[in-house]
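Just below is one structure, and these are the notes that go with it.
Chain IDs A, B, C and D follow the sequence of writing; residue 1 opens each chain.
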């Protein structure tokens, strides 16, 4: 796991340096999770710009340039407040069988679903396809127990105004910003279904559940919508007994945007220590925090009114990111963290999953 | 009809000057339609500020200060682009019976509906109450024929996040920005029902129609939502054979945001001339244009893609106002016009009603 | 000191309840510091709306209604993220001489400067007038030592586009958003001068210093600009040996937006405990945190790039508030805190003063 | 001259179709002027995304792929309101000498200046370099008389927060949004100098003039700033007696944002007719309008107050584009026009140059 700051959405210089130095073998890259500095909403093209810049850079570096599309790219827009733009690059290599891992450590599985039709986005169909994909990625990661899955990051599509047929009436039209919530919500429920956090029966045909019944949620799903893709790209992160990685992942669930305890617990679970930059006393080093944020749908936080849902100037997902990123960054004293906005069915209403990745001392 | 520029939302100095000079008798004021410089969306408090400033100023000017609440206040937020903040004050006085009008001229009727419950906003119930109110206001205005109604301006409520019960799930919750469209849409259909532009049957229970079937619309409704009221305040503007006003109103329907012909026709119908500031050759003087604007829900205008519906930084109602106000202002060479955003069921999709008020030479 | 949540900018119901119950004697009110939900920038009219609503409510409650203008009103716009809109009401009453205070406690002094001309805003003249006002307020508060001043809250004017003469050229014109920074900066340096944190010589004629040389700053100034006033309204908060108040104020200086240690120290200094809602083990209860926030002018925080200064969609003062409010709220587990944006010459670049007010067990 | 609508900033499909059909020879392309759907301000990466997408597409189409950098790319962000995203592609081919032109027609010259240092942006140095470039491009275009230059389009750099050295103080720091105005202003004065619209003496060392004295301006300059380049890219458009192009360009100067007469005159000068889509009676066809827009720096338009300069939610350049694009589009009944915001020293204060390109019947 490599964390690399970026100067612009199309900045690949940091990655290039690591590849030139031989630290990263480009052929070992399985996924890139990044924060880019667009608005993180419908008309955010920095995500697509970053992905196409990465692909244009990586393709010629690979043995087989066509393999550039096998990598999972999750660009989450929105670096509000202190949130610092960066990429987290995940690599995977086969090791000799006699390298027996002493304890479970980080393992990654990926999956690309098929493209979705416009009217499939945010529906039961999407839940199903994602659930299948999550299971496939778990298998690839060598994770058999749901309890060993600590974070499932998904990039999912949205529906733009122009994607929908111009018609004399407005029936069945979806607001494009709302389509992001529906897509994130269905994807998250797909994770919940795969991990048996919800049942088929609870979901019904999906219509009364998706972005409706927030009592149903996944404790590890993190989904992010964008116009730069039509399918879902899935990355399962967990600890596997078969992995000999130096990294360990832990997670917890924030009950609300100011739930500092959950963040602290996730860090500790991974072996890290809050407030410590660099190595802690155990020789472990926190690499990144991955988490979700949302403006509490009740309009309140800790019993006090917040104004995010009634703000017509700034989208509430932007403000949610600013808040949770500031809280997380203040705890780990590092603003280069991954916080994504819109936590529909990802943790309880107003809260969200939080994961910590730590490099353990060998 | 008096048009008065304002320096801030709470500026009543212009009105005060006219009252001090004796030009306006405060007891004759029946309605004030204004443009204030907030965002025109959910968290726009300039509308309420303007209304409370007007009321605080006017109450002590009236014979009976409690009558300050009988006046209809329609503050429409959003002075995007060249749109210049102002108030249009409408007065009404009884005249001697022997003042026989030579031709139909401007007449005004007003009505305040009851307050609506949160779950009545944007529903069939609202349509019904508004329709009753429009009929009542027509009667008050001495207008018996629907054809003589040229503009029906309504201020209607919206639903804030905090207005809705905090619940474990999200069911039946309405996005606050969306609630503005629903409220405007239902109010407009109320006008359409009163003026027999739509039938009870076409409306059904409202659910499949309101902000769904834009083939149903009124050609004279102009509705504007705000958090500063819970009821609907209605102002019917038409020409009545019983009125001896110096003013005449005309109207037309813009088919799209760039429909200059409709604007020109409305101006001409009122006796005015486009591009002429002050008196035209006939001695008539255009006072104000009142019209509605919206981003075409098809995502296209004149066959070209527009980006307003996918813009997560600027609400599409704001952009629609900027566009139509610029077009209208360029035609009449006056940026102090009334343009309100969000034309659901007000004119055809993407278009909207436009009215012109002209002071005729005596 | 009373903290009261508000439902809208013009909501005075909470204050009314306390006055009706007899908890607050309206004649004892010396100042109100509030957070209102506008954008906190140039076109924020929620501040003026709140002030006029408070004045309209309070005037008839006072023995002498004209005294309503003797109260200092500091409305700071911008409740980004979790920041919850509220008022903090400060009262002051004379006590019998034989009530001998056991330890220094909260004391308040206020001052209203003269109105400033447009071309005085943000200049050396403003520094001078503010410095005089601060000294006057200190005297009123019974605070003789600069070290006993823990927070100086100032509301200062801004310059709107329309305030400046239309001219053929642009010379000497100030951008209205920039005028806020200049006004805040000069006001803060006025505090610094009064408290001998800077010298007359260091300031020179002000031109090379104000919003230029951020090495000069006050450790207790908190200044907030708005269009709702033309003068500066000053509130000095400190601990005085002559005060027998139940409240104590402490303060510290945040070195950057994520400086959690400074916040913790300020809370502790006041007798409070972080993370404790209600009374702590000593019987003390934290009432409110007052602090300043800004996007680091270096473009970096903790060595990482932030994007706030290059964001043309959201003003950087808004984001700074969202960040620091989230950090403070997470530490005290209360989102109803006072955080104001734009900390020019208020604390070191990127940081800002933070004060805590605590009600001590008697 | 080819006008091509785009579906996203990276959409090259329309250009590809014309190249595949053989209508455009990629080797003949000298410049591309486009409107992309970012905010058109500092953090607009859609411009860079569009340029890199065009380059990635075009390079392999060219005989010599390295020639892809000889093309001038002017991407102007901001498609507010009805403004429809599109590209205008300019090609140039050598013709036989015996093709004697009957009347002057469109001719294009281009020039790339050297990269500018951060502290050169918006200064006298920039004016000088641009002036040299304009003269060079005129020569290339075969235009010897200044009167034959009808539009000079320039893309110029801006200064981001991160481009400037982090320092203990703020001296000599430029606000990044302001840097756009300075860069546009200096570039425009460079055009004015080259075309003898201003003298060396009038400019002095630039400091008291650039974005200060708006009495100095060019009647044909159109400059647009962006972070995607460090140099200025210049495109001179005029009519040359040596050109045998089917196209003709005309221009005029808008005195204010609602100056419809100037737009009409520019269209007529080019041989086109307003309000006519497709061929007019003369067989001529209007292709595109190129113009500049700005919020009048006086804060007034046609004697009425506008609020654009005090709007802290929406940058004034965005609103200016929305306004002028709506006016232009309403006149030519086509929303696919090029309108760029920020007209410092480009036309009189509040106004801007407007050019029309028309394909003449052979």
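One rule holds in what follows: contacts are C-beta pairs under 8 Å (C-beta built on N, C-alpha and C of every residue); 3 or more make two chains touch, one makes a residue touch a chain.
None of these values were measured; they are calculated from a predicted model.
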| item | value |
| --- | --- |
| Selected interface, C-D versus B-C, where C-beta contact pairs are more numerous | C-D |
| Far-end chain from chain A, centres as C-alpha averages | B |
| Intercentroid distance (Cα basis), chain C paired with chain B, Å | 40 |
| Whole-Å gap between the CA centroids of chain C and chain D | 45 |
| Per-residue overlap in chain D, given as positions that touch at least 2 other chains | 7, 37, 39, 43, 162, 305, 307, 313 |
| Touch list for chain C against partner chain D, complex | 39, 41-44, 160-162, 164, 166-171, 173, 175-178, 208, 211-215, 297-300, 305, 307, 309-313, 315, 349 |
| Chain C - residues contacting chain B, complex | 7-10, 37-38, 43, 45-46, 48-49, 52-53, 56, 162, 227, 313 |
| Touching residues on chain A, where the partner in the complex is chain C | 5, 7, 37, 39, 79-85, 257-258, 260, 301-302, 304-308, 313-314, 318-320, 322-324, 326-327, 329-331, 333-336 |
